[in-house]
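Once you scroll down, you'll see the structures, which are given as structure tokens.
Paired with chain B in one complex and with chain C in the other, chain A is shared by the two complexes that follow.
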Partner chain A sequence: MKKLLNDPADVVVEALAGMAAAHPDRLDVDLEHKLVLRAGGPVQGKVALVSGGGSGHEPMHGGYVGTGMLHAACCGEVFTSPVPDQILAATQAVDGGAGVLHIVKNYTGDIMNFEMAAEMAAEGGGAQVASVVTDDDVAVQDSAYTTGRRGVGVTVLLEKIVGAAAEEGRSLEECLALAQKVNGQGRSMGMALTSCTVPAAGKPTFELGEDEMELGIGIHGEAGRARVPLAPAREIAEDLLGPVVADLGLARGESVIAMVNGMGGTPLLELYLMYNEVHRILAAAGVTVARNLVGNYITSLEMAGCSVTLLRADDELVRLWDAPVDTPGLRWGV
Partner chain B sequence: MTVADVSQFRAWIADTSAMLTEQAEHLTDLDRAIGDGDHGTNMARGFAACAALPDADGEGIDAYLKKVGMTLVSQVGGASGPLYGTFFLRFAAPLAGATSVGPTEVAQALRAGVDGVVARGKAEVGDKTMYDALAPAVRAFDGAASGGADLAGCLEAAAVAAAGGRDSTEPLVARKGRASYLGERSAGHLDPGATSATMLLESAARSLG
Partner chain C sequence: MKKLLNDPADVVVEALAGMAAAHPDRLDVDLEHKLVLRAGGPVQGKVALVSGGGSGHEPMHGGYVGTGMLHAACCGEVFTSPVPDQILAATQAVDGGAGVLHIVKNYTGDIMNFEMAAEMAAEGGGAQVASVVTDDDVAVQDSAYTTGRRGVGVTVLLEKIVGAAAEEGRSLEECLALAQKVNGQGRSMGMALTSCTVPAAGKPTFELGEDEMELGIGIHGEAGRARVPLAPAREIAEDLLGPVVADLGLARGESVIAMVNGMGGTPLLELYLMYNEVHRILAAAGVTVARNLVGNYITSLEMAGCSVTLLRADDELVRLWDAPVDTPGLRWGV
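Showing the complex of A and B:
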């Protein structure tokens, strides 16, 4: 393993200390609870958004804390969900009296830890908590008998859009309904060219041959649905977009917010090349890209590969998308 | 021996911690195959924190095990933290006020703990989870207890049954947890959670009986 590290056990805390040093004007970092909070304390009278998950997906979630997006991010160990104490501490720290929305990706550990934290918050009689679970990964077969689909790329779009709504002063119920709407009309699929190495494990999560790729990966370095021969980018774009478009039931004349996301180890050169393919396929299908995002937004350490997320757009979502946002990871309109 | 007191429950946790530390790489390798490769390190870290809990004078078994549960919830993370934490929190409840316990009390506690795991994780037998080791263990414990076995005998039966349940997970296609994302590809691997749950019960057979 070759990584920029001091001790693998300290990687999360030392990275958080770096975020605190880099953004003292915007962020308060609680190193004890491993929380990234907006500077300046709770925003009175507005709904607060708390997200979180394992570390290793940067800039998600800590990089999305700031005006127009999250109020707090709870950082777990690498690829390990945060624990209830952290989530409870974040919930209490950001509650401005209008309630707290937990944004949870559909992973067993994340669900259970956020659930326990919400139970603890309710027992304590503190903040009113609502939760939205994202589950946009079409690579996973959905079934009532299984864990269901993973929450991946749509989480980034949801945090931006619902963050804008909270900033406008919408109620907790309205923010929850909007969050459910965004999740309901967003889908993603990802692929990997290489594995990644969890610092504490020291070796790659899986081995992938020079001429192979994994199709249908999540964001934790886990293997995907199928290992297939490496193909040209235009075919990979078809493989990723096909299931997404079909599952959304996108029709000619509709418009989307599209994200081509890097998994951490893919150059922007290749991501723009992929975006070109995505744009071409959507244009041929008569689907307009209303807004787009190309870059590393929800990553899997140094994994090479990409994911594509499409969110069926309407005027409301585009307006909220365009609203000002000022975070280390997303910044416009300010 | 037919009864156990708090010092033996402490020994159980210490033995489990030692075993998880020794087997951390094995568990992580299993998890790398069908999960995300962190089960060994997370479990070893959580149980090491439990083993390091200070010895409180006159502490009851239930108070001690509740602390173990809370420590696991706050230290392990992932799904294992809430699941193992809930196991110990629920295991402790029927033992309230007890200073020494025998097969009858441990049977109640074990059932309560495993019921807690099911309530939290919503798993069924055959989903390829820790419950595949725990469910036969509870049945074997109860069977041995109703046959008149002492605590050591009951725990031994539970540990053997857990190991059988663990081995039964190898051909299964996972329906819960991160391994479920692999679909058919999850078959052919032991479940890491069923493996660590078996270690917990094997350790109980060594320490409590």
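Showing the complex of A and C:
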């Protein structure tokens, strides 16, 4: 295993210490609970957004904490759900009296632990919690760690858009409805050229032959739809977009927010090349890209590969997308 | 070779087409000359900044074109210098009458071609051109493609800082002097855990054993100082920072702008972990980090590894650093 680390057991906490050192003006990091929090404590009278999950997907979620996006991220060990105590601590730390929205990717462990934390938080008149579960991955119906579709790229877009809505002062009920709308209008599919290595495991999660790729890969290396021969980028783009566009039922004249996301080990040069293919295919289908992201936003350690996320856009979503955001991972307007 | 591409010969132009599609409001892309230009044509009465070099280091340089940073980037083939015609076209396209500053990394091919383009531009009363050559890499004195030190990470910081100065309306002479100051006050050193594969070559540039790393690696995989056994992150940080701090002659009480840069294939989790080590070492030496960057800023395709750049800071440099910048790769204040 070739990685920049000390003891594999300390990777997450040492990386969080690095985030604290790098962003002292913007973030508070609770190393005991492995939380990334906005500096300055809870925002009174506004809904707070809490997300989290296993580490290894950076910048998600810790890199999305800040004005206009998340209030806290709960960081599990690499590819391991955060525990209820962490999530409870985050929920209590950010509650400003207007309720807390949990943003949970559809993985069985995440769902269970966020639910338990929400119940604990509500006990004795504590924070009011609502939850949205993302399940945008069209690749597989059930998978190794999930019943139903997995939650992947749309989570990033949701955190940005609902973060802007919370900043505007919308109620918990309104933020939840918006979050459900975003999840309902977003779909993703990914692929891998290589595996990645979880530090604690010390060896690749899976093996792929020199001429193979995995279509429909999960963000922890879970099996996807098919292991197929390596193909040109234009074919890969078709393979990823086809199911996404079909499942969304996108029609000529519609517009989307599109993300071409790197899995961690793919150069930006290749991601822009993939975006060129995605843009071309959508243009041919009469679909306009209203906004886009090209880069590493929801990763799987050093896995090579990419995913494509499309979110059916409307004026409200684009306006919230354009609102100022000030996080280590997404930053504009400030 | 496992990459997201079509024909290896078309990688750069297809990636540039992707940049054009992704950033139509911000960038003009000249596919014939492989140039990334600010949208809207030359800025009249202000100095224009042109940089460039081989592709494969994204987001550098194309991703640094925009308000507050570069006016144009000339993109060579992967790890190959841009040719004089490209650089001339860029220089002429951005000249707003106040002169053009060429920002050139110290590689023999780059130097030669930028010099030739500057001469061609000056002929017949064309653009007035000044040039700064970056040579911040303390690892080796001469190397495979360089006489003297290589130009690496400080180039990113220089483009940001001098870009802000040009935006303020400083003269070509003043921009040049500032650029020379930044280069003179910046030092870098990098390391690699793995090689990378140039698409046209189809196989790794070099081989590293399972327990080896290359200290002082160049951004094209050129040999560095030493091939040594893999070490913990804290030792690697000492190995990189030691020569940088010594060469800069940093003293207790000084402050720096620090960049922990990923080579392309290293997860952000590990880069933050490395930043934790860098911050700790500097704190122990009494050196304050005034500003920092942690992420992929000057890469070597999918190489795993990192580099550290320190720039001795002062109030002027920090003020220019904080000025608004609006590029795909660096964005704040707007």
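We take it that the second predicted complex is superposed on the first by the 328 of 334 C-alpha atoms of A that agree within 3 Å, B and C clash if a C-alpha of one lies under 4 Å from a C-alpha of the other, contacts with A are read in each partner's own complex, and residues count from 1 in each chain.
Definition applied: a residue touches a chain if its C-beta (ideal position, glycine included) is under 8 Å from a C-beta of that chain, and two chains touch if they have at least 3 such contacts.
Since this is a predicted model, take the numbers as computed values, not measurements.
Asker: Looking at A:Val11 after the superposition, I want to know if it touches chain B, chain C, both of them or none. Which is it: first, second, both, neither?
Answerer: The answer is second: A:Val11 touches chain C but not chain B.
Asker: Which chain, chain B or chain C, is in touch with more residues of chain A?
Answerer: Of chain B and chain C, more residues of chain A lie in contact with C.
Asker: Does chain B (first) or chain C (second) touch A:Arg225, or do both, or does neither?
Answerer: Only chain B is touched by A:Arg225; chain C is not.
Asker: Could you say whether A:Ala284 touches chain B, chain C, both of them, or neither, answering first, second, both or neither?
Answerer: Neither chain B nor chain C is touched by A:Ala284.
Asker: Which parts of chain A are in contact with chain B and also with chain C?
Answerer: 78
Asker: Which chain C residues qualify as touching chain A in the complex?
Answerer: 2-7, 11-12, 14-19, 21-22, 55-56, 58-59, 63, 78, 193-194, 210, 213, 230, 232-234, 236, 264-277, 279-280, 289, 292, 294, 296, 299, 301-302, 304-306, 328, 331-334
Asker: Under the stated contact criterion, what part of chain B meets chain A in this complex?
Answerer: 28, 32, 35-38, 41-42, 73-83, 120-121, 175-178, 180-183, 185
Asker: Would you mind writing out the residues of chain A in touch with chain B in their complex?
Answerer: Checking each residue of chain A against chain B gives 54, 76-85, 107-109, 112-113, 115-116, 139-141, 145-147, 150, 198, 200-201, 203, 205-206, 218, 220-223, 225.
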